[in-house]
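One structure is given below, encoded as structure tokens.
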Amino acid sequence: MTATYEEALQKYEPVFGLETHVELGTRTKMFCGCITTFGAEPNTQTCPVCLGLPGSLPVVNERAIEYTIKIGLALNCSIASWCRFARKNYFYPDMPKNFQISQYDEPLCTDGYLDVAIGGKTVRVGIERVHLEEDTGKSLHVGGATGRIQGAEYSLVDYNRAGIPLVEIVTRPVPGTGFLAPEVARAYVTELRDVLRTLGVSDVRMEEGSMRCDVNTSLSPRGSGVWGTRTETKNVNSLRSVERAVRSEVERQSGVLDEGRRVIQETRHFHEDTGVTTSGRSKEEAQDYRYFPEPDLVPVAPAADWVETIRKSLPELPSARRARLIESWSLSELEFEALRNAGALDAVEATVAAGASPADARKWWLGELARRANDAGLDVPELAITPADVARVAALVAAGTLNDRLAREVIEAVLDGEGTPDEVVAARGLAVVSDDSALTAAVDEAIAANPDVAARIRDGKVQAAGVLVGAVMKATRGKADAAKVRGLILERLA
Amino acid sequence: MPITRDEVAHLARLSRLALSDEELDHLAPQLDQIISSVAQVQEVAADGIPPTTHATGIANVFRADEPSPCLTPEQALSGAPAVELQRFKVPRILVEE
Amino acid sequence: MSELTTRTAAELAAAVSAGEVSAAEVTQAHLDRIAAVDAKVKAFLHVNAEDALAQAREVDRRRADGEPLGPLAGVPVAVKDLFTTVGAPATCGSKILDGWYPPYESTVTRRLREAGAVLIGKTNMDEFAMGSSTENSGFGPSHNPWDLTKVPGGSSGGSAAAVAAFEAPLALGTDTGGSIRQPASVCGIVGTKPTYGGNSRYGVVAFASSLDTPGPFGRTVLDAALLHEAMSGHDPMDSTSIDAPVPPVVEAARHGDVAGLRIGIVSEFSGDGFQPGVMTRFTEAVELLESLGAKLTEISCPHFKYALPAYYLIAPSEVSSNLARFDGMRYGLRTGSGSAEEVMAATREAGFGAEAKRRIMLGTYALSSGYYDAYYGKAQQVRTLIIRDFDNAFGQVDVLISPPTPTTAFDIGERADDPMAMYLADLCTIPSNLAGNAAISVPVGLAPEDGLPVGLQVMAPPLADDRLYRVAAAVETAFTERRGHPLLAEARGL
């Protein structure tokens, strides 16, 4: 019997942890010069080293070390002054040497943290370690019903991915998030992804597998101070799945404990379609990987000045940018989150840089443009309009050349590829009619055509001016500045 | 501390060696003898002595992140016992990692 | 046999370069010798007759076209089957790699090709370099040319036998615990273990990665030096290779001299367990060195007695991991049926011999959680103490000497199923491997009781390989003067 989430939270305190594997965006693999492009024909990007052929030897990719140090610094870690690679020994067909070169008790980075903003509060997620290892090959399982291992007749292995540098980022257990545990877990992965993207060390696409998460979950009976047995959930392939996996494990484990049974320490598999986890490998007989220092490699001792150079070259991290923008644009946390979640931060910032006000920039990107992106199934930055274009439109509105309706028309036209805002305005003749004589003529015509309305206005019923404004707008095909028209009408009929 | 036949059988499984019973009967006592002998290292007082992984003392050997030529798929697959769809064909895997 | 096969490599190189004889003639002469005697010696697993002649003709063409010739142009070299050579198989003496043709070339053999050497064939060896007799070869043992009922030593026994049988003037071997020096000693030829890291291990199938050292065999000290120099040097494909100039070994070999040299006799390497004839010849060598002006003292290296057990923990640990890749999935033997796990286990069971299995299991044991500290960890500490013993010794003397191995060549079959007895053959050679030193074995006579060759081991600090050749050349010259002819002239086995 599974409990509901609410029932579970009444009795238990959820504790979670995350192990995230990130494929680094280096040009070549961790220990050899094979290229790392995604999606190549099978076994076209291999060599004796990444195939683990007898007699081959690894040589460390310096950029991979640099990127890992960057990640460690961005996560506020200490960088080891001396560390080694170690062999993790186990047999598996996607690992050509039947050991993985990884790091064991001497990781490159340790003891950091990442602050995660959620619901107006900040949760500090401790980072236990960041280390480097090599990725495995990829298997196709043939013959079973689901394409998974269970029931397969045989497997086909492609080693293009074998040897790609992989960074493993391990958090400390995160207690005390209570009800929000699933959201905090998701927010952590989101923030981590943004940090990594900002650093430019990986393209962090969960759907392509360049970022993979394993979620650890355990329950602590409320008030006991005793931590429960944790399970590890794999196959968590999206941000949403991170959240669902935590929630589903909390519910499942609660049900187990309520029945007086024990939670088994094991690896579980998350299913996107059902949103629940099923049992995988039992971790009761913990695998003994027989770690020992990699004898084909020598220690890595990053010089202090190299680390300093890397530290100085760090770009503005998401948390710093967030603080800066909230302050300089006078945003609330929620307003900022809205921008971030729409993926519009870069666009808005660039639009402001091109001369628009923050308010105008936000209005356009969060409103009209976010809508268009959503309709077209695109990300905001993929739209066919530049921040400079948007800033130009805002400027035209501010100058009175365009009104809101015309501005929207211009934006649509730019998105449809008709040219720059100025080109569109000229081509379509969209400028607001501001020539006074033409406008006065239109106003006089409207007054003449609506004598009773004009009479009411003369009597002091100014609201009636709206009718005449509408008539003028219609006559000018919307190319008049409404406020100005109204002003003219009232002047005329004063 | 002698090593039992069962423990040797366990080591064989860990090492993916499908030893026959006769082999186990033969190898287990030999392994026991060897382990007892190499255990001599424990007699050495080594408190505070750092272990040596490499005698050379070299550190920081790197390569630049520049591509070098790959093997062709034919070369990569040249020794493979079985190939399908330009991949290494392997028997069904029982336990998922 | 053709007189060409009795010449030294130095003589052959000079003759080819001067145009006195063609490289093709030289190679053919050696191919004829192999055809005549190898059915009895069984030094070779694969003879490249056509390819060798093609290589030789290429040398002749270069000479005819006035192109520069390398230092070993036209000289046949036998290659231990542990090196990857394109166009020839590499079995490593194991059934698990029977029929494997490497798709890439080792750095050392590539350098020899560039030096103009003719790679004439691949030689027999103990499986994956584990053994002291070639009896662990999956293809049957080689035979000592001095007495075909005796072992040629191991693991590079095939290479040593080939040189001693005049099938090739030079041969490549590897030395991890004595696998060049011990065969050299029991076959009456010269063999060197260069400084660890002085030679590239790229393309040398790994046994114990932190100990494996490729090295030369020759019938004379100068020949060994010529091969040593041609094969050595830093390799960016091998992270453990030393970035330093190759010590001037050829220069030293041409100027043998021990006057004023301080020589230490390792006091631990004598007494019980040493064949009386071996000690007799050793004592004579000591007297000879004194008569040539060296200063001899006894030096105690108290931790050397732990070198054997430390080695038989470190080497098996590394090899248990290095041999994991042989599982029938990507190359080599595949046998058995059922799941991948079952096929792996059946393949390794069928493909590996008894010694390989023993060492794999021993290594798995020593690295296991709970045993690591007491076994592997402790052995690495003992390694530090042995290095300190050497440092202390070399603070007092320039070189150390000892017998290379306690006995002369033993009978084929005598120790084949007695691992502990077999391991004792490495007693004197192992310390240099643990410390990464340079060491050489040079012939100093025949044991009176059996008429079989005895060698003298000289040990020098890392990167002082030239010191070895200076001493060995002095010994060789003095010895040959006394005897009137090189030792090998007395070999009666063939």
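A, B and C are the chain letters, set down in written order, and residue numbers restart from 1 in every chain.
By our rule, contacts are C-beta pairs under 8 Å (C-beta built on N, C-alpha and C of every residue); 3 or more make two chains touch, one makes a residue touch a chain.
Computed from a predicted structure; not experimentally measured.
Participant: Using the mean of all protein Cα atoms as the middle point, what chain has its own Cα mean nearest that point?
Facilitator: Ranked by how close its C-alpha centre lies to the overall one, first comes B.
Participant: Quick check: which two chains are joined by the most contacting C-beta pairs?
Facilitator: The chain pair sharing the largest number of C-beta contacts is B-C.
Participant: Could you work out how far the Cα centre of chain B sits from that of chain C, in whole Å?
Facilitator: Computed from C-alpha means, the inter-chain centre distance equals 24 Å.
Participant: Quick one: report the Å distance separating chain A from chain B, using the average Cα coordinate of each chain.
Facilitator: 41
Participant: Determine the centre-to-centre distance between chain A and chain C, using the mean Cα coordinates as centres, and give it in whole Å.
Facilitator: A distance of 58 Å separates the two centres.
Participant: Counting only residues that touch at least two other chains, what does the list for chain C look like?
Facilitator: 100, 103-104, 210, 236, 239-240, 324, 327, 329-331, 340-341, 344, 364
Participant: Mind pulling the chain B residues that touch 2 or more other chains?
Facilitator: Chain B, residues with two or more chain partners: 14, 16, 53-54, 56, 58, 61, 63, 71, 76, 88, 90-93, 95.
Participant: Can you pull out the residues of chain A that are in contact with at least two other chains?
Facilitator: 48, 51, 59-60, 91, 93, 155, 157, 288, 295, 297-298 - these are the residues of chain A that touch more than one other chain.
Participant: Along chain C, where are the residues that touch chain A in the complex?
Facilitator: Going through chain C, the ones touching chain A are 83-84, 90, 92, 97, 100, 102-104, 106, 201-206, 208-210, 236-240, 317-318, 321, 324-327, 329-331, 340-341, 344, 364, 367-369, 372, 376.
Participant: Help me check something: in the complex, which residues belonging to chain B touch chain A?
Facilitator: That would be residues 14, 16, 53-54, 56, 58-73, 76-77, 84-93, 95-97 of chain B.
Participant: Which residues, counting only chain A, touch chain B once they are in their complex?
Facilitator: Against chain B, chain A makes touches at 26-28, 32-35, 41-48, 51, 59-65, 82, 84, 90-94, 139-141, 143, 149, 152-159, 280-281, 288, 293, 295, 297-302.
Participant: Provide the residue numbers of chain B that touch chain C in the complex, in ascending order.
Facilitator: 3, 8, 11-20, 23, 26-27, 30-31, 33-35, 37-44, 46, 49-56, 58, 61, 63, 71, 75-76, 78-82, 88, 90-95
Participant: In their complex, what parts of chain C are in touch with chain B?
Facilitator: Per the touch definition, chain C meets chain B at residues 100-101, 103-104, 196-197, 210, 236, 239-240, 242-243, 303, 306, 309-310, 312-313, 320, 324, 327-332, 334, 336-346, 348-349, 352, 354, 357-358, 360-362, 364-366, 374-375, 377-385, 387, 419-420, 434-436, 462.
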